[in-house]
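Next up, some structures in structure tokens.
Note that subunit A is present in both complexes that follow, paired respectively with subunit B and with subunit C.
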Partner chain A sequence: MNASQTLKLYTTESRYEWLKTLRMPGFVLPSLLFPVVFYSFFGIIFNPSGSSSGAATYLLATYGVFGVIGPALFGFGVGLAIEREQGWLALKRISPAPAMAYFTAKTSTAMIFAALIIIELFAVAALFGKVAMATSDWLFLAAILLVGTIPFCAMGLALGSWSRGKSAPALVNLIYLPLAFLSGLWIPIQMMPAVIQELALALPPYHLAQLALKVLGKDQGYDVLLHIGYLAVFTAICLWVAQRGLKRADGQGA
Partner chain B sequence: MTTNHSAAGLQVRELHHKFGKTRALDGVSFDLEPGNILSILGPNGAGKTTLIRLMLGLLPVQQGTIHLQGQVPGSRAARCITGAMLQETRLPDTLTVADQLRLFSAAHPAPLDFDTLIRSAALEGLENRRYSALSGGQKRRLQFALAICGRPRLLFLDEPTTGLDAAMRQDFWRQIRNLSETGTSIILTTHYLEEADALADRIMLLQEGRVVARGTPAELKATTRGRLIRCRTRLSAQELKALPGVELVQGRGARMEIISSDCENLLRSLLARDSSLADLSITEIGLEQVLTHCHPSAPNPTDTEEAA
Partner chain C sequence: MKTLVIPVVVIAALALFFFALPSPEAGHEGAAMPGQDGEAYLIINARIFDGEKILSADSVRVADGMIEAVGSNLDTGVDLPVVDAEGATLLPGLLDTHTHVFGEARQQALQFGVTTLLDMFTDHRQLADARRERESVSQTEQADLFSAGTLITAPGGHGTEYGMDIPVLTAPEQAASLVEKLIAQGSDYIKIVYNARQAAYQAMPSITRDELQAVVSAAHRQGKLAVVHISNQISARHAVEAGADGLVHGFGDTRITPELLALLRHTDTFVIPTGAVMEGFFRRQGRVDLTRDPHLEPWLDSSQKTNLQQTLGAGDRGIDFQVFRDNTAALGEAGVDLLAGSDAPNPGTAHGASLHRELELLVEAGLSPLQALASATSVPAKRFGLTDRGMIKPGARADLLLVRGQPDTDITATRDILQIWKNGYPVPRKSRARSQYARPDIATDGLIADFEQTATKTRFGLPLEVTTDQMMGGASVATLKTIPSGTGNQALGIDTEILDGFPYPWAGVIFYPGSAPMSPVNLDGYETLQVSAKGTPGEYRLLVFIEGAMQPLQHRFTVTEHWQEYRLPLARIAGDGLGAITAIAFCAGPNTGKRHLALDNIALQ
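Right after this comes the complex of A and B.
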């Protein structure tokens, strides 16, 4: 296969993954609406500091993280679990398309959703939250959030390779929502009890949120490399767990 | 690459497979020539699906060898020349017929062109329909289209006509014959003996992971010489077994099924001993009787599907 055929194959896979996902209102609406609705409520409308945009700016970063990891976890986690169980994954594995094309298609779909969520949040923040930043900071924040979806795609992959199709949505919710709260995505981490602040150090969304907050100068002051290192190791572990999960499914003939 | 004998068709040698402690396959070997149709029969749990999944590279080979036109299962080269319809597969509900065909065709180096594919799977007019809106038969036809979109040299069909009505099954058989005439080798597992009889060049009977019988449909039938006699009689099974040329007796109450190698003499003595004998019928042995007769221990190789 030459390079142009390979490129065409990857774009075809991504295109149909995108179409397939876009036609599921049960996935699209919550993914695109929840982060911006929550942010509007807690970051802007019920903002205790009134006209000062401090909280609106802080929460833009953390709700940004909350928003972008949703499609990554659900698209990969639930999507993979269902497609594995329905035998669609087996059909894909029989076809000559490389497995990477399938995973790339799922990652790119999660990133397009992430990009849409970032645009929504930025628009609301700038128009109604009076958030003002240098253009380079807007772009930098967007880039961190976008690249930050990758560890959560890996996490979704790990969850989806182990869970059953029917239980996957419940499982992902059960992990996603507490993880978001305990990582300080809804309420700033400094306002949490000391125990939770320490616990947060072990949670992946906390580290992505700290990276995003660093752009705004509102992080807790740990080294950038700590956060990046944590997320890199976490991604590697997730990929290993996913590989084990898919192998195990093989052995059962599933 | 030289096209010697081993590089053509399919070769399976001494295949063993275990799931934990359960033995699924126990030394299966066979060959399939290009353009031939092999039907694998056997009760549920005989190892048919395990065998198919191993040949497709969906399960890792534990012991033994498989070569598909000289290629190892699961390799890209092997995937380029194979197509498959698997059991109990659901495609994504939100993709249309055209979406799925384009998606799978894109993965193949030289796919069938779109219109030919739509026509060969009788999917005309359904191009823009989503999978969730297709009928059962249409879903099977789409899965068949996905199996043949890459012009496979080897086609695996795991119970392809389960759930189809008689007319749809006939259509399907025609498709399969056409493909084999163009040189495609086909492996077909089925519960319908009639299907194996009508389509297969060769039949292989699997039981508890072993090949217990193989041959052409005619050869398998010939292994049990004789006729099947059905009748209502007051003679007991014991008495019947003592008559000349009786090979097997089975039945409930007065209804008896007798397989005989000497039909005419048996009939003379039957009628002489039982003047009330009724509902007599004599048929040539079908594949179904061969299988149950060769392996009376098998629970029911046909899985109660009546060969209509």
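Right after this comes the complex of A and C.
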């Protein structure tokens, strides 16, 4: 198989993953709407500082993180769990398509969703939140959010490789929402009790949010490398857990 | 071809999207702001807080440094330069009613829209100039200054610990002559330090209750306000009963009694709670780091940042911040006049910036944002008899502050400053993020001194000197000499003896890295101060002095009888002050006694 065939295989797989996802309104609508609705409520309408754009700017970064990790967790977590149980994954693996194509398709779909959410949030922030930043900052923030989906794709993979198809949506929600809250994605971490602030240090979304806030100069002042290092180690652990999970699934014939 | 069209369109659309996203307005540096050349101008479409309330009028006309007219549609039919204040609120320039003005204080305050400082203890020699300047309407980059001058206290009492010549009172009969002396030095009002004999916390001597009474009466006879520094409820009551016009601190030792509240109301005594400094000293949880506020940080210089991040390691002094805050709330609820004052530049505060925090703390204590704004504008102006400021009204000085948003609903909007005018002139705001000080000529090895030639020779800056608390009236002594080092070369030997005299005694050696004593240098980029040391076993202190900061930053290290290499974390100790270091000292103290300390190969890394 030459390079162009490989590429074709990857893009085809990705395109159909994308089409399949689009045909699941139960995934599409919440993913695209929740972050922007939440952000509009807490960042703009009920903004405690009235018309000042400080909170709207701060929360743009944290709701951005909230937004982009959603499709990553659900796309992988729920999608994989269901497809695994249906035997679809096993079918894929005996087909000549490389396993990587399957994961690349899911990752790229999550990233396209992330990009759409970023565009939505940025538009709302600019139009209604009076958020103003240098063009380079807008771009940099978007880039961090986009790349930041990767650790959460890995996390979704780990969850999806272990959970049962039916229970997967509940499980992911059970993790996603508290994780977002405790990481300070809904309410700025500084406003949380000290215990939660310390707990947040252990949570991956906190670290992605701090990276995003660094662009705005509103982070808590830890070293960039700490956050990147944490997320890298977290990603590696998730991939390892996922590998174990998939092996186990093989053993069960699923 | 078709396969290329879609990506190209997507990329183009994305590029358009990102370039259409708003960027911050470039600011006013380029365009000429009206008033620059002293010409008359209009501010239109503003929400106007006049010092007491939000007006229905939306325009202000400024001419000759004064507010000439306030009204609606002042721009119809006239041809004046215009500032369009759509979406913004215009306030009178703010008054900080409790400050200590040294060094750059007046410039620093004005950078945050504080156009008038009411000082509560300073060097009186600056007051004649200050008086002339505050009567003028010429262009200035400084806030106006009114001051108590020095203060009246007991021998050895609070106020005497700063090494200045302070009027002390030992009998009620001296009150009249001391008050006269202060007035002759330029005091606008009289500040008295008082702590009741019955108070639980007794750190320093205080004048007696009779003496307090005598000073208040003497001030009133001279037509001056008498304001009293107190730190507990019993002293507050004595001051009010003595007829004080105001208390310059709140208190947090006990909850305020209904009787004292009623008395304060009855005597119409005002209170300057100074929550900003109380928070820095006594608040354990919920302290806010103003250096992280994006609306304040760019305008803070390194000394202000250093000061803001300091705390006074002085224990709780019997003061509970929660009780203090509840008392402030009770005072506000009872209708006692509260005045906003920061007590900058005490540790934990900074001129200008801390007044914005004080406003927030007043709101936190239950005042409405409107009342908080009044506490920094019309109320202090009225209480201190300043008729030309604190209000937006025809005939008032054009000290103005334009902020984005509505500070009468969100008090923190006072920090989002769009423009400051002093005497009608727009004040240029200077970003202070970078150190403006020169870097000393330091060799690549970073060496400060190796003592191979003499005990005091250094590679840059001034030669080493002895430093002791004698400059503050203490009695400690130190001598420097060369001694043999372990490696056959020479090292510095410091013999110190800490003696009682000054409350915070020290003795040791000091290094000035600049070209004159206490002239600041920029040491950004250096991480540690390396030094070999041995001596009488025990703790010694590295003191790092920052330009404009009230007290040096301390780092303790333990020395043994044997030579050891130390890497003292200079960057961490100095924090933002690393760009404005004025001196570095190695000291013994505060415990009394004789010690020997030997140092060698002091270097920056």
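Note that the second predicted complex is superposed on the first by the 254 of 254 C-alpha atoms of A that agree within 3 Å, B and C clash if a C-alpha of one lies under 4 Å from a C-alpha of the other, contacts with A are read in each partner's own complex, and residues count from 1 in each chain.
Simple rule for what comes next: a contact is a pair of C-beta atoms (placed from the backbone, for glycine too) under 8 Å apart; a residue touches a chain by one contact, two chains touch by 3 or more.
This is a predicted model, so every value here is computed, not measured.
A.B. asks: Have a look at where A:Ala132 lands relative to subunit B and subunit C in the superposition and call it first, second, both or neither.
C.D. replies: Touch status of A:Ala132: second partner only.
A.B. asks: Output check: A:Ser95 vs subunit B and subunit C. Expected answer is one of first, second, both, neither. What do you get?
C.D. replies: In the superposed model, A:Ser95 contacts subunit B only, not subunit C.
A.B. asks: Identify the partner contact of A:Gln86: answer first if only subunit B is touched, second if only subunit C is, both if each is, neither if none is.
C.D. replies: In the superposed model, A:Gln86 contacts subunit B only, not subunit C.
A.B. asks: Identify the partner contact of A:Ala194: answer first if only subunit B is touched, second if only subunit C is, both if each is, neither if none is.
C.D. replies: second
A.B. asks: Given the touch rule stated above, what does A:Val233 touch, subunit B (first), subunit C (second), both, or neither?
C.D. replies: A:Val233 sits against neither subunit B nor subunit C.
A.B. asks: Is A:Val224 contacted by the first partner subunit B, the second partner subunit C, both or neither?
C.D. replies: Neither partner.
A.B. asks: Which residues form the common part of the subunit A surface touched by subunit B and by subunit C?
C.D. replies: none
A.B. asks: Which residues, counting only subunit C, touch subunit A once they are in their complex?
C.D. replies: 14, 17-25, 87, 285, 292, 294-295, 404-406, 409-410, 412-413, 416
A.B. asks: Given the complex with subunit B, which residues does subunit A contribute to the contact?
C.D. replies: 1, 5, 8-9, 12-13, 16, 19-21, 23-24, 83, 86-88, 90-91, 93-98, 101, 250-253
A.B. asks: Considering only the defined contacts, which subunit B positions touch subunit A in the complex?
C.D. replies: Touch list, subunit B to subunit A: 19, 49-50, 53, 56-60, 76, 79-80, 82-84, 86-92, 94-95, 99, 102-104, 106-109, 130, 146, 150.
A.B. asks: State the interface residues of subunit A toward subunit C in the complex, per the touch definition above.
C.D. replies: 48-52, 54, 119, 122-123, 126, 130-135, 138-139, 142, 194, 216-218, 221
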